[in-house]
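Below you'll find the structures, each written out as structure tokens.
One chain, chain A, links the two complexes that follow: it is found with chain B in the first and with chain C in the second.
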Partner chain A sequence: MTIERKDVVHVAKLARLDLNEDEIERMTRQVDQIVTYMRSLDELGPLDPADVPPTAHVLDVSCPLRADEPRPSGQDEAILERAPGRRDRFYTVPKVIE
Partner chain B sequence: MTATDALWKLSLAEVARRIRAKDVSAEEATRACLARVAAVEARVHSFIHLDGEAAISAARAIDARLATGDEVGPLAGVPIALKDVLAAEGTATTCGSKILEPFVSPYDATCVARLKRAGAVSLGKLNMDEFAMGSTTEHSAFGPTRNPWSLDHVPGGSSGGSAAAVAAGECFATLGSDTGGSIRQPASFCGVVGIKPTYGRVSRFGLVAFASSLDQIGPLARSVEDTALMLEVIAGHDPRDATSLDVPTARWTDEVGKGVKGLRLGIPKEAFGEGLDPEVGAAVRASIERLAGEGAEIVDVELPHTPYAVATYYVLAPAEASSNLARYDGVRYGLRAGQDGSLVDMYKRTRSAGFGDEVKRRILIGTYVLSAGYYDAYYRKAQQVRTLVRRDYEKAFERCDALVMPVAPEPPFKIGEATGDPLRLYLSDVLTIGVNLAGLPGISVPCGASKAGLPIGLQIVGPPLREDTLFRVAGAWEGVSGWKNRVAPLDGSSAGGAA
Partner chain C sequence: MSRNDQWETVIGLEVHAQLKTATKLFCSCSTRFGEAPNSNTCPVCSGYPGVLPVLNGSAVEYALRAALALGCEIPPMSRFARKNYFYPDLPKGYQISQYELPLAVHGHLEIPSGDGTKRVGITRVHMEEDAGKLVHAEGASSLVDLNRAGTPLVEIVSEPDIRSAAEAADYVRTLRSILTYAEVCDGNMAEGSLRCDANVSVRPRGSTTFGTRAEIKNMNSFKFIEKAINYEIERQIELIEDGGKVVQETRLFDSRTGRTESMRSKEEAHDYRYFPEPDLPPLVLTPARVAEVRASLPELPDARRKRFADDLGLPTYDARVLTETRELADYFEDVVKAGAAPKAASNWVMGEVLRGLKGEAPAPSDLKWPPRYVADLIAMVEAGTISGSVAKTVIAEGLESGQAPAEIVKAKGLSQISDDSALFAEVDAVIAANPGEVEKYRAGKEALLGFFVGQVMKRTGGKANPKRLNEIVRDKLKAP
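Let's turn to the complex of A and B:
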């Protein structure tokens, strides 16, 4: 077993997911199977980062920059009206600070 | 049958030509497709949202411009449809998920804006696996799409609605997205053409992110030429996507008829190994022989890290997804499940109610491989193996102009056949995901059918930015195969034997 119940419960908490008992049982079994399969990468042995640098991205991404010129999006109202909870120009959420 | 009734069976290139010549109107073409949708959609279920009225009014606007002699674009009046992962102003953009069910996009994705500018008429938004995670379209929150060639089978995924709509004759072309094969595999399963361009060819602005270093948008249609026409419209630099390549596009339609004489085609031996269905292997090998007969030189090549591609992908893609999907928290848009309790309670309730099973599974995997203590063992290691996979392709392309291989190791699954076994489905991505890991262009073209009448696809993969070679090889194959512009009859007959 690579993944146990406690791992799934911990990771679900990090990911802000509530899982019911059925889901915890099933996800533990399935995620264990998948993560165990991922361990097949260990067959390649340790890889020296000098010889095999990690690929984060296939392009040589040098973040393109543009001039820092403020301009109106013209969409403030369109964006705000999609919020599930809103007051004036703010999003509303359950109370964070007592 | 009148001429208008049969319009939906034409190729995109032909219907576009007739509309420009005013032989038929955009409205007639649109009504013909909508009539076909009305006849088959209850069985196929390609669409999540269909908006016939909006399509007819867009078509009438094109007709009005044609009548006054206005300049119209290359796709003027052509009915198309969009995978529901693409933002289109004023339409719902659900990603096949309950968490985005209430969301109506306030803007157009760049590729959608380009299609509109070219005169295309969108019929609506197409079904998909939730957040593009899956290979059967059974993971949609809005019910599965069925394969138009055999309604008991899946259309593939995640762009299953995009492939099925084209195969069923509901429209002339669609857009899909491909993170690990999600354009090519459903194209293969539905007997249509689908291309995943080079990473960076098509702007991802307005594409809901799954795994940002792998995602790419591309077209599906019933012929190689139609797919090339669509790509000519949507490709090109966009300053709103930092990974969009500032490179020239090309007249890819000109490549389709050039033939393969003088091209070297590499056959990767790992793609023909254990687990390959014998009917798929036979159909693909026969295609390669025909291409050799057309003047291509066939060379054997190796992609030795292929056995590690699935493990690499299923570390990296869920890791990126777990980060991208953190934004769905019920605060700014989409679903919010209740107001009680704390802010964190609201996040949890919203995400737990809004995400489906497969999305939760991938979020758990992605969060795990990125979590403290496991990052180096999984994520960093997978990034290193990604380098090895890329090097395999670079080395292979020293010896050939393109690779030719199957798209999927098996013909389409039966609906429900593999839903309880996620790892089995992941393993079936083995021949498509390397292309995403390396950022390469790949195309799927129909190459035959199984005895059961299910389509089989041929995959052609090129070096970065060599879509021209893909269209040459795919066009040459299509020319000799007879697999061109086939519409699933949906009258009970099957795809028939290999041509």
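Let's turn to the complex of A and C:
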């Protein structure tokens, strides 16, 4: 087992997922299978991982840049209207206590 | 043995500086401060699904300027990463930042230390987006304003080279000066354009390992940086001396109580699960591009301070004060260019001109007197047209009204009385009115000379030419 129950509980908590006992058990099994599957890479042979830079992006391009020119979206009101909670021009969220 | 001998403080600072771009880091919404809540928002900075970030070219340039001004190395490639956490001011559920491959590494800056300087290392400079603003209103809700969400920031992380609260404030002051010189950040701490977090720990003096650190947030002025860190140092030392242990945690400075308080609400949020941002390819910066940005940097405070001291012959202290902001240094240099001697210009700019500016960010562009007027005033003092004390009145009035010095002197009749016959009459009158003092003076109490000079100055409204007056008084007081 690469992934254990406590890993799943921890990640679920960070991701704000409310899993029941059955789901925790199922997720532990499934995530473990996925991670274990990655071991297939070992079949490639004695490759030194240090020789292979990790792939973060598949396209060989530099990050495209945009001109610094303001353009009002014209959608601020529409976005506010769709919010679950609103007071005047603010979004409302459950009280955050510092 | 004092605590200072037993304990050493170790401080590293993380400063977030808002870049002076017109638009946000990944969308074309305006970054203007003080707009109606949630008016500078769009689907990108509001965290709508299906949208894509597009990087602001000016933000990259400003961040590069900041990094180069801090003497950093620029790796050929940097990468954006997602920092995952949930908080109501962060609509996407992650902040786009840089993690493993930051924009810049290995910089440094020099803070004042005695007569010289002390070098503080800069670990890294990376780009990231700001979160929105939470307003804690009455009732069951908090209010969210996303105008600030997505605003471009650089985070500048220092090495743990700082050893006291005063050094920490000096570091931020120096950093602010460099960033404003490089024109990447307006440096306004009250509006949050420059924010500082401190990692503070203490260790027994002589120890080479670090103690457990606490991270202090919410110090939005130089005064609070010192106050918060000093409070935290005392707290940690007391805790350890009482047999306790410092816990690694985030603590919030409360400027009303002057204390730092544990921020339990964020305790669990430290597992950020960073991973490379799939929506943005790596940022490649060619040596040519870096060289181009480097060449566009203005003279920075260190170089300018050195030039003021070496070429203009100013004392170190003057050079430091005058170069703290680029605007003040420019103002001073313009006074010199208009013909004033550097040291005289320095005295007037550091004295009366600075007095005319209030607050932590002197803005000489707000002054009603152009530098040329200060040079004119200095010339009038040197020519003996007005005395130094009258000049102070003139500049104070000029900074209020904007009137040229010659106009003020003329309108108020402030020209010095250098005409001997007029001065003779004044001195005679003072001598006649103070026979007792005259006798004491003649009996050898020569310190009374100043009394007679002062009396004449009083009668003439400070307009007597002090040099000539001294001579005349001395003459007249000689035994008859």
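The criterion applied here is as follows: the second predicted complex is superposed on the first by the 87 of 98 C-alpha atoms of A that agree within 3 Å, B and C clash if a C-alpha of one lies under 4 Å from a C-alpha of the other, contacts with A are read in each partner's own complex, and residues count from 1 in each chain.
The definition used in the following text is that a residue touches a chain if its C-beta (ideal position, glycine included) is under 8 Å from a C-beta of that chain, and two chains touch if they have at least 3 such contacts.
Note that this is a predicted model, so its numbers are computed, not measured.
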item: Touched partner set for A:59, first chain B, second chain C, both or neither; value: both
item: Partner, of chain C and chain B, that touches more residues belonging to chain A; value: B
item: First, second, both or neither for A:14, with chain B first and chain C second; value: both
item: Touched partner set for A:96, first chain B, second chain C, both or neither; value: both
item: Touching partner for A:37 - first (chain B), second (chain C), both, neither; value: first
item: Partner chain in contact with A:45 - chain B first, chain C second, else both or neither; value: neither
item: Partner chain(s) touched by A:87 [first = chain B, second = chain C, both, neither]; value: second
item: First (chain B), second (chain C), both or neither touched by A:79; value: both
item: First, second, both or neither for A:67, with chain B first and chain C second; value: second
item: Common interface residues of chain A - those touching chain B in one complex and chain C in the other; value: 10, 14, 16, 56-57, 59, 61, 63-64, 66, 75, 79, 85, 91, 93-96
item: In the complex, chain A residues that touch chain C; value: 10, 13-14, 16, 56-57, 59, 61-73, 75-76, 79-80, 85, 87-98
item: Contact set on chain A toward chain B in their complex; value: 3, 7-8, 10-12, 14-19, 23, 27, 30-31, 33-35, 37-44, 47, 49, 52-59, 61, 63-64, 66, 75, 78-79, 82-85, 91, 93-96
item: Of all residues in chain C, those that touch chain A in their complex; value: 21-23, 27-30, 36-43, 46, 48, 54-60, 79-80, 84, 86-88, 134-137, 139-146, 252, 263, 265, 268, 271, 273, 276, 278, 280-284
item: Residue numbers on chain B that touch chain A, as the complex places them; value: 102-104, 106-107, 199-200, 213, 239, 242-243, 245, 307-308, 310-312, 314-315, 322, 326, 329-336, 339-349, 351-352, 355, 360-361, 363-365, 367-369, 371, 378, 380-388, 390, 422-423, 426, 437-439, 464
